[in-house]
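Heads up, the next two complexes both have chain A, just with different partners, chain B and then chain C.
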Partner chain A sequence: MLGYILKRLLHAVPVALAVSVICFSLVQLAPGDPLAVVLPADASQETVDAVKAQYGLDRPLVVQYFIWLGNVVTGDFGKSIATGRPVLSEISNAIGYSLSLAFLASLMALIVGLSLGMLAGYTIGSPVDKVASAFAISGVSIPHYWLGIVLVVIFSVQLNALPAMGAGTNPDAGILERLRFMILPAVTLAAMPAGIVTRSVRALVAETLARDFVTALRAKGLTEVQIFGHVVKNSAPTALAVIGVQMGYLMAGSILVETVFSWPGTGLLLNSAILTRDIPLLQGTILVLALFFVAMNLIVDILQPLFDPRIKRI
Partner chain B sequence: MSIVNSEGPQTATPISSLPVTVMPRSVGYWQSVWQRLCKDKVSMICLISLILIICASFAAPLLTSYDPAIGSVIKRLKPVGTEGHILGTDELGRDMLTRLLYGGRTSLIMGFVPVFLALLIGGSLGTFAGFVGGRVNAIIMRTADVLFAFPSVLLAVAIAGALGAGVGNALVALTIVLVPPMIRITESATTQVRALDFVEAARASGAGNLTIIRVHVLGNILGPVLVYATSLLSVAIIMAAGLSFIGLGAKPPTAEWGLMLNTLRAAIYSQPLIAALPGVFIFIVSLSFNMLSDGLRSAMEVS
Partner chain C sequence: MSTPLLKVADLTVRFRTEKGTIAAVNGINLELQRGQVLGVIGESGSGKSVTLRALLGILPPRKTQISGAITLDGRNVLSLTKRELSKYRGGEVSMIFQEPATALDPVFTIGQQITETVMRHGATTKAKARARALEMLDLVKIPDARSRIDNYPHELSGGMRQRAMIALALSTGPKLLLADEPTTALDATVQIQVILLLRELQRELGMATIFVTHDVGVAAEISDRIAVMYAGRIVETGTASDVLKTPRHPYTNGLLTSTVIGARRGETIDCIAGMPPDLAAMPQGCAFAPRCPLATTECTAAVPMLKKSGADQFVACIRQEADGRHAA
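Coming up: the complex of A and B.
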């Protein structure tokens, strides 16, 4: 098992490096001179060269990359152009908000997806299955930023039941008060993974029920409840893997939802970095989110064989 | 007693006395897929609504006399059903129906073009990688894997964010995001087909690589690739409008569904229905493509 974990970790290293190369190239993609914000328009060539040397921009790109990588590894992501604060501290202020939102949304998606998927898988072709499948395909197809707006219109504007934006300003707020702010964004974020989990669990359950061993269990006289246990055992690992990968997506894809709800997480940070063309902040946030995604995939890879011994530890 | 009778029923019966059974003309694969698809009500509803929305968007100047960019300050945020403005007006007093129709053009193009380009680029790279195999395959597939390490929305936002706002930049970003999945699906389909006996047989009978790719490989991977591309259209429409929503796609005063959702956000208190309208269209189009993809898949599964 330890060998398997090590192997997976080693596999993740080149992926993480490749991710860092792409993040580094983002700056090269950006149009305009990166020094334009620092230098006055009438700066002499000597000043330009001096500043270039100071920022290391006179070196070859490869060298610049390794210097940048070295800084990143030691936790130096540069400074935000807009606020002047270190990028890393901006990100660490925001990431907790995004994590808690992604966690709550994943939990909702898992509960809804598992129950609907089970129901549909057990009753393939029935009206129950049709309703569950319609819900699932809507969840996958809905533009979630629009769903967020609709939810705000219904629950904040019309019913005045839940806050429309932000995470609350009261630092001493209890958990319930905090949750009130999280409900709408989390539901919005959960729609798509709930649809995906429903669809995969439905297919899995239907497939499992059609397998010979279920017929054998029935022939041996097991009750439906006991058989249900076997079905769960066979489909839960995949559902967990799906939700694990989805959590990575939720963190990264939350930029739209966080913008709708002004939720002070990494998505909103990314949005403000884009609006103010704050490239160091953009680069740093994307790197952290992408590495989180790589890490989530790695964790799923490592945990899956623990839940599902059928998967070989290669 | 004639000789014919004594020899039993299997011998020479006059042709005219044979029972005539009219065999139905056999139909080709794609024709039978189309016939099965036509029998699926849900798929047909989706197909018809898509055709309607696409035609209405591109025939916008014929359907409305308003200009999508010109509004009137005194007619700001009129409710749905106002005389002369069936779907009301937006925050700058522009006719909503007109903007939704013209917006459909931008949004649909922003969804279609990246999928088409990804199909072209990713499809050729994937087919090539699958057909050639070996080291070339490894290089192409590992490169695609690197882009897979990014969640699609983040990659699109990252590229579009670095390039800056604009429809062109958004198209570039979306195409880069959609190419790797297209490579992966065509590569795996090609690898499967390449190993089949009929490819070996074609090669033995002297068919060249190009003929094999064109006739046997493309002919056999077209189905799954088409199903996948249809579902990608749904993703692309949502992402394209999403990029505009956060200010990375179309720029004002262009009419575009995602951008309209953004600029109408301030109106959710006064005119919630109008504020939500552009999203309804994104939802309908994306849902229709997804359901059509499902319908196409089951129509292709020959039971």
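Coming up: the complex of A and C.
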């Protein structure tokens, strides 16, 4: 098992490097001159060159990449062009907000997705299954920024029950007070993964139940509860893979939701970095989010063989 | 003879399908004494496996209608409650499946799978159940059982997997063992080993056995009695030697001659012309009549009943005289 984990870790390194190359070069392809934002329009050529040299923008791209990579590996993501603050501190502030939101949303998505999926998978074709499937399809297809606005209209404007935006300004607020701010964005964020998890788990459970060994388990007199245990262990590896990817999306794909709710996380940070052409901040944020994806996949890879021993041999 | 262990009376199994209700098993009668081995032979779709599944009570209740009576050791199996049924399955009657690669759960070890079964049917502690599992793996001659017990099914060869499944089925000491083509998925050489093992275990442990196969040779090897099924009915039954030496039903005769054993290269092998009937559109009268060399118009008039023919042999064919000769 330790060998397998090491192997998986080693496999993650080239993936992370490839991610860094893509992060770095994608930003170069984007239109717009980052310096135009920070420099006055009538700045002299000397000033422009001086600022360029200061940020290393006068060197060849490959050299820029390796300098950037070297800095990143040592934890130096550069300084934000817009604010002048270190990118790392900007990101680490935001990432706490995004993580807590993603965590709550994952929890909701998992509870709803797993239970609805199991229920539907066990009762394929029944009214229960149809309701669950309709719910799942709605979750997947309703645009989440729209859902967010609708929720705000209902719960904040009409009922005045929950705050519409922000994360609260009181630093001493208790958990409950913080949760009040998180509920609407978390529900909005959870809708899609809940739908996807429901659909995947439904299909997995139905497929597992149709397999020969389930008949054989029944033939040896196991109770339905015991058989359920077998179904869960057989469905777990694939379900984990789906859930891992979804959690990655929750972290990275929350730009729209965070913008709708002005939630001060990485999504909002990314949004403002794009608007201000803040390349170091953009690169840093994308890289951190992409690495989060890589990490989620790594965790799934490591967990899967605990359920299915055949995976370890691959 | 004493009262039989198993008595099946007029068992009919119907499936609700899109094409309407079809009868996969059509009014069969069976009796099995303690310790006896009954070989059930027939082509695919003749209702052999469905009969076994009905006996074990594992047909999906929503899609099946079962009528008739199944009595095991004086108890009516069809009227067991859900709870009684799950104790009956695997406890009093257990089953060996055709394909051990798919019938064992891939993500649990052999030991775990035997242990959970033993625990379900009476073992008090996990340690005792595991000891029993080890004992069973030794009994089915899995070499180095002590380390094999922690293997997953994919880590075993096909023959070893089937041995493990036999160990699993016998671990609870069932009165009746149902074997559903247990050697069909195996290599020829492994097939023989598994058959010999099953025969040996049957003699040693003395459980009654119903052995379903489409391989006449396998049936001859292991059975005391043989029942031949065709299109959901038993068309001939008797002691193994009677049925195999003096087949009375033209279908049995056809099965016995359609074999590659003894055939010479270049010679055509006798086989039964045509296909088994579609269960949703059964022919009138004798289901075998359309393929039968002896059929007359009389055969399509009514379904022939099993009639005594010879000392301990029964055959369902109207072209069959009481003395066992085919009518000219």
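Following the convention adopted for this analysis, the second predicted complex is superposed on the first by the 282 of 314 C-alpha atoms of A that agree within 3 Å, B and C clash if a C-alpha of one lies under 4 Å from a C-alpha of the other, contacts with A are read in each partner's own complex, and residues count from 1 in each chain.
Convention: a contact is a pair of C-beta atoms (placed from the backbone, for glycine too) under 8 Å apart; a residue touches a chain by one contact, two chains touch by 3 or more.
Model, not experiment: these values are computed from the prediction.
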> Is this a clash or a fit when chain B and chain C both end up on chain A?
Replying inline: fit
>> Is A:Asp212 touching anything from chain B or chain C once the two structures are fitted on A? First, second, both or neither.
In response: second
>> A:Ile286 in the overlay: touching chain B, chain C, both, or neither? Say first, second, both or neither.
In response: first
> First (chain B), second (chain C), both or neither: which does A:Thr259 touch?
Replying inline: first
>> According to the stated criteria, A:Gly248 is in contact with first (chain B), second (chain C), both, or neither; which is it?
In response: first
>> Contacts for A:Gly221 in the overlay, against chain B (first) and chain C (second): which applies, first, second, both or neither?
In response: second
>> Counting residues of chain A touched by each partner, does chain B or chain C come out ahead?
In response: B
> Which of the two partners, first being chain B and second being chain C, lies in contact with A:Phe135: first, second, both, or neither?
Replying inline: neither
>> Given the overlay on chain A, how many degrees, to the nearest 10, lie between chain B and chain C at the CA centre of chain A?
In response: 70
>> After the superposition on A, what does A:Val157 contact: first (chain B), second (chain C), both or neither?
In response: first
> Which value, in Å, gives the least CA distance between chain B and chain C in the superposed three-chain arrangement?
Replying inline: 12
> Where on chain A is chain C touching in the complex?
Replying inline: 211-213, 215-223, 226, 230, 233-234, 307-310
>> Give the list of chain C residues in touch with chain A in this complex.
In response: 56, 58, 86-91, 94-95, 97, 99, 102-108, 116-117, 120-121, 152, 154, 168-169, 172
>> Residue numbers of chain A touching chain B in their complex, please.
In response: 15-16, 18-19, 22-23, 26-27, 29-31, 137-138, 140-143, 145-147, 149-150, 152-153, 157-158, 248-249, 252-253, 255-256, 259-260, 270-271, 273-275, 277, 279, 282, 286, 289-290, 293-294, 297
> Considering the complex alone, what residue numbers of chain B touch chain A?
Replying inline: 145-147, 149-154, 157-159, 161-164, 234, 238, 241-242, 245-248, 258, 261, 265, 268-269, 272, 275-276, 278-280, 282-283, 286-287, 289-291, 294
